[in-house]
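In order of appearance the chains are A, B, C and D, and numbering begins at 1 in each one.
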Amino acid sequence: MAGSTFGKIFKITTWGESHGNALGVVIDGCPAGLELSEKDIQPFLDRRKPGQSEVTTQRKESDEVEILSGIFEGKTTGTPISMIIKNEDQNSNAYDELKDVYRPGHADITYDAKYGFRDHRGGGRSSGRETVARVCAGAVASKILAQLDIKVNAFTKSIGSVVIPEGEIDFSVNNIVNMPNEEYANKAIELINEKRSEKDSVGGTIECIVDGCPAGLGEPVFDKLDANLAKAVMSIGSVKGVEIGSGFDASTSTGSLNNQEGAGGTLGGISNGKQIKLTAAIKPTPSIAQEQKTTDKNGKDVSIEIHGRHDPVIAPRACVVVESMVAITLVDALLENMNSRIDGIINFYK
Amino acid sequence: MAGSTFGKIFKITTWGESHGNALGVVIDGCPAGLELSEKDIQPFLDRRKPGQSEVTTQRKESDEVEILSGIFEGKTTGTPISMIIKNEDQNSNAYDELKDVYRPGHADITYDAKYGFRDHRGGGRSSGRETVARVCAGAVASKILAQLDIKVNAFTKSIGSVVIPEGEIDFSVNNIVNMPNEEYANKAIELINEKRSEKDSVGGTIECIVDGCPAGLGEPVFDKLDANLAKAVMSIGSVKGVEIGSGFDASTSTGSLNNQEGAGGTLGGISNGKQIKLTAAIKPTPSIAQEQKTTDKNGKDVSIEIHGRHDPVIAPRACVVVESMVAITLVDALLENMNSRIDGIINFYK
Amino acid sequence: MAGSTFGKIFKITTWGESHGNALGVVIDGCPAGLELSEKDIQPFLDRRKPGQSEVTTQRKESDEVEILSGIFEGKTTGTPISMIIKNEDQNSNAYDELKDVYRPGHADITYDAKYGFRDHRGGGRSSGRETVARVCAGAVASKILAQLDIKVNAFTKSIGSVVIPEGEIDFSVNNIVNMPNEEYANKAIELINEKRSEKDSVGGTIECIVDGCPAGLGEPVFDKLDANLAKAVMSIGSVKGVEIGSGFDASTSTGSLNNQEGAGGTLGGISNGKQIKLTAAIKPTPSIAQEQKTTDKNGKDVSIEIHGRHDPVIAPRACVVVESMVAITLVDALLENMNSRIDGIINFYK
Amino acid sequence: MAGSTFGKIFKITTWGESHGNALGVVIDGCPAGLELSEKDIQPFLDRRKPGQSEVTTQRKESDEVEILSGIFEGKTTGTPISMIIKNEDQNSNAYDELKDVYRPGHADITYDAKYGFRDHRGGGRSSGRETVARVCAGAVASKILAQLDIKVNAFTKSIGSVVIPEGEIDFSVNNIVNMPNEEYANKAIELINEKRSEKDSVGGTIECIVDGCPAGLGEPVFDKLDANLAKAVMSIGSVKGVEIGSGFDASTSTGSLNNQEGAGGTLGGISNGKQIKLTAAIKPTPSIAQEQKTTDKNGKDVSIEIHGRHDPVIAPRACVVVESMVAITLVDALLENMNSRIDGIINFYK
């Protein structure tokens, strides 16, 4: 049951449903003395905010965060930081007809199986809207990392079959698909619009790179940095696969070649001080307007068309979510690593 | 630091180094009343045992497990089960020349960075030999799953570019690469021998399927079943990528197609009662006999040839490790799910 | 840092400061299907509400709780329950003069030592006001226990030297000191008024009894039921001692006698199905109006008189806090115990 | 079920039964670089070793510890430290007649209730012998504390009604009851012999003081240092009560007096840099030779005389167990406190 807490030392606990009053997060374990205000959080929220462009859902949410605790005179106090985002444009009625129907590719059927009933409004807790709370925590984690000159950057690497070729990434460009290459971004937007016109959706991949990460982060065996990163990113609803460094290409490579290529910034699951590279596979939006066959709660075969307001592609808005989960995981590893050596402990208490 | 414990309720804690006296695991949280003896564990250990065939390391280890606690009159008592495996054929001297050299693709450099020094004998704690303890716990988890008719099965899906085509899997065949297709197994063995003759190694993929898993396992948001599976499998040293269901193929698919294909047995991170499918990318053995460039602990460039006794391919022996980690994760999810509903709790205590 | 979460399965995370905007709690791990609304929580809050009588602080707080998530159509959904209580009568100015002074018996000096600075307004996070969030969670836990006919009851056993004699407890009586004996309650009120007239305060003890608890709750060795109860209750700021059953009297007793007397409902740390009895020592309110010597943040000796609005005695209002912590601990133990036996697990999944 | 792990960062997991092959502990989270060998552990084990004097059980155990992992070239490596103690003088037959009888004051009845059956030999996991593993971990924790000049010292404060008066403690004296006052020690020994001659046993109290503890240890709200100490000490089977500082005396004191007296080294649950004082109530040995009434597993009333080899008093041998649990709790708090401030983190990674 208790699945809404992430992190061992920098612990975040999120709450809220797609169509409830509000969503939020409590961060317990944020170090004291960090300058922090809503101004640090809002830019992250704006990056995932719906209704931003032609390729995102038209649901309108201002997604304004309010910090309720843990800050005094502009600084974190070391006690829990509670943040809340109110829901505005809920329009639950759109979901009434789906009350007893299981949407394909959604958690409707599994929540009913697990809990005996569910909040059907927009998927309730299982909605992608849940990630708004992760992003609030990610903004705080990123600010901590910034104090140590660690930079996390997630972007759309591919949409459908449109992939930015190696070496053609240009972070100076800026577009609605978060794809750092103008030419491929335009091809991607074309593809998205085509799929939407077909009442369909398309998948993609997100790459996340971390620069400036010190060596030594991650713990042996089970809490390897890459293991925790994999969990962090796979816990995002739309993610179906995660790679570190060469990832699946390693499976067709040889030792002599693979040893030369980057391991992706970790060796034995511990950071080696080089750039960390992670790739996530993002599935196509399961909510599509075309007719689909499914079942209802009585097991009867039915067909539905989903007329909510849905993104034709998830990857662009999910970049900041991946970035947030990576940042949170790194902060946790940074804090834990401070306990690794007796001499470090003695110096600390001197 | 505390990275050697896995699981929330069915908790395993492993210990031991490649060339220490012994390795072992303590399982805390195994239900009482399960018939258990060394006979249940040994077959799993035998599947990962070194020195079994031409394609595995020639290190000779009988890998006999001894259960030291938690069993009374042939049954688990509900208290910690401590299991130990003694190291025999250690031959540490082979590593003396590597004392100050960082082997490419190994944790040597990161353990020095994290801890200030390291047990250099065969990689110490970071050695793949650590997985012997995971397999002991996996055998116990598998026996619990068997009580519920849940079957976990991991096999080699590909070695290098030799991939078993969809639909051509035949579990009746049995071979030294754990590849359920005789023709492709032979191609794979050829490839392995070719690479070894070049003093090189090769990667592969492992597929793990779970049959009979009830719906409802996994927790919302962060402790999704697939997120915990991803961590479990990515924590294996040689794994560089993990996919659930369609995995990276979903990134080039459309909603209409992807909704039809198997989600891999989970929806919203909770099992749906169908077959669970997971794929792991296994890197090529980093220890190869051909000359490689690297650095020593003083940062000096050096070149080495590694003349230990190493597997030319990791995937075949890693299947049982993947299977074990999946089984352990499922047992933990099964136990946690018992607490999901108030009516289930009331019935339990009636 | 991460000290604001309690429980392993029924996990509560509290947040908020004495003079912040609000306080709250997130419960993660509450079973689905429990009928729950603010009406279930408010009576518990009312029992600890300030400004109720002559013997409590005159701070006025309506302490109205709002549930923000985790409920759908009147029932818990199995997802996090977020509850919030707004602060109203904050009057922080009263604390301005205490900004740099360390109040005797308070956490002012230790928070400064730990975090480098502190929210000085009413003690910030270290204020007893924090317990308002515990009580919200306690109300939910108590409702779960009620489904299993388990009843937790905490009352004032003594105030100063006024102790209810064994066998003279009468739960039918009701008074402002929560002392179930009219005669001793009146003596206690006299004592309290006397101490207040001397600008002083007085301590007391709270006894908590649990009826209807099934046998088998608690885990061997470290997570014994009494160990977790001791932590739960000792974590309340004003508690300086905890006893289970005969407690300190056992230290002057003999085996022959002590074996006969109640062990307090646990044997080997596991409930035996009999009444559980716990006693907590509550210190006198440290904030008193008479002049006291202390130091300021520069280590200078100063003397202060504290003119906030403080209870002359803590025990009466703390009863519901002790009761809440005991209820939360029991629910956690109930849930964990469901995983104790393989036959119970098999039956559950049949 | 998982109750055999203690600590969040410095995590210990113990295993083993009174009459099994062996007992042991795995410490995960011990910092690297600490010089450690069996020589550091053995003196602690010798302090709790049975068969030492007239006032302890005559069971003969050499209690020699062997370290199986986590040490390389005399120093901790930062990976799990596995320690094992073999059982020798088991003499299980003495317990055959108790197979179906529930010994008064023991966990026999509750283990049967929880698990459906039990290892009846000497109480199995619930035996006080379990503490041998805690003491191994305590020795390591104490060595870490010694690096920071923190000293933990537990001693017998009273046996039965024989209490060392305030101010008459003399740590220079040494005796078989660990009572730092020769005159009262002799009175205590007299009392013990008297009770044993009556086939009875007697209780006592243990005081534990910590000197040199820095300010700032402990976390707000639930993980207060005193809350964790209370759990740590109450988890020892024979402990029925725990006090911090003035403890239960605070309940009869006034704010003006209690603010002056020592709070016991913590304020708001966080250490204040002064001496920490904790007192534990130890029950009389429940195993006594005189006839007692009890029930058997069929609920039938029976009477038994327990002719094992039992201590007539527990307190003297339990001192080192209390000391160990306090040391382990302090190390965990020390490590966690390193993460409290952003400036400390920045300095650490500079």
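Just so we're on the same page, contacts are C-beta pairs under 8 Å (C-beta built on N, C-alpha and C of every residue); 3 or more make two chains touch, one makes a residue touch a chain.
If you're wondering where the values come from, they're calculated on a predicted model, not measured in any experiment.
**Q** Applying the touch definition from the top, give me the chains sitting in contact with each of chain A and chain B.
**A** C, D
**Q** What's the chain with its C-alpha centre farthest out from chain C?
**A** Here the answer is chain B, farthest from chain C.
**Q** Pick out whichever of the two, B-D or B-C, is joined by more C-beta pairs in contact.
**A** Looking at B-C and B-D side by side, B-D shows more C-beta contacts.
**Q** I'd like to know which pair from A-D, A-C or A-B copies the C-D interface, where a copy means over half of the contact pairs are the same by residue number.
**A** Checking each pair in A-D, A-C or A-B, only one repeats C-D, namely A-B.
**Q** Distance from the CA centroid of chain B to that of chain C, rounded to the nearest Å?
**A** So the centroids are 45 Å from each other.
**Q** Hey, how far is the Cα centre of chain B from the one of chain D, in Å?
**A** 37
**Q** Mind pulling the chain D residues that touch 2 or more other chains?
**A** In chain D, 1-5, 8-9, 14, 29, 31-33, 78-79, 114-116, 125, 220, 336, 339-341, 343 touch at least two other chains.
**Q** Hey, which residues of chain C end up touching chain D in the complex?
**A** 1-6, 14, 104-111, 113-116, 123, 125-126, 130, 158, 160-161, 195, 200-205, 215-216, 218-224, 226-232, 234-235, 237, 240-248, 250-256, 258-260, 263-264, 266-273, 281-288, 290, 292, 336-337, 339-341, 343
**Q** Can you tell me which positions in chain D touch chain A when the two form their complex?
**A** Against chain A, chain D makes touches at 8-9, 29, 31-34, 76, 78-79, 144, 147-148, 214, 220, 334-336, 338-346, 348-349.
**Q** Could you pull out which chain D residues touch chain B in their complex?
**A** 1-5, 8-11, 13-17, 20-24, 26, 28-33, 68-70, 72, 75, 77-82, 84, 114-119, 124-125
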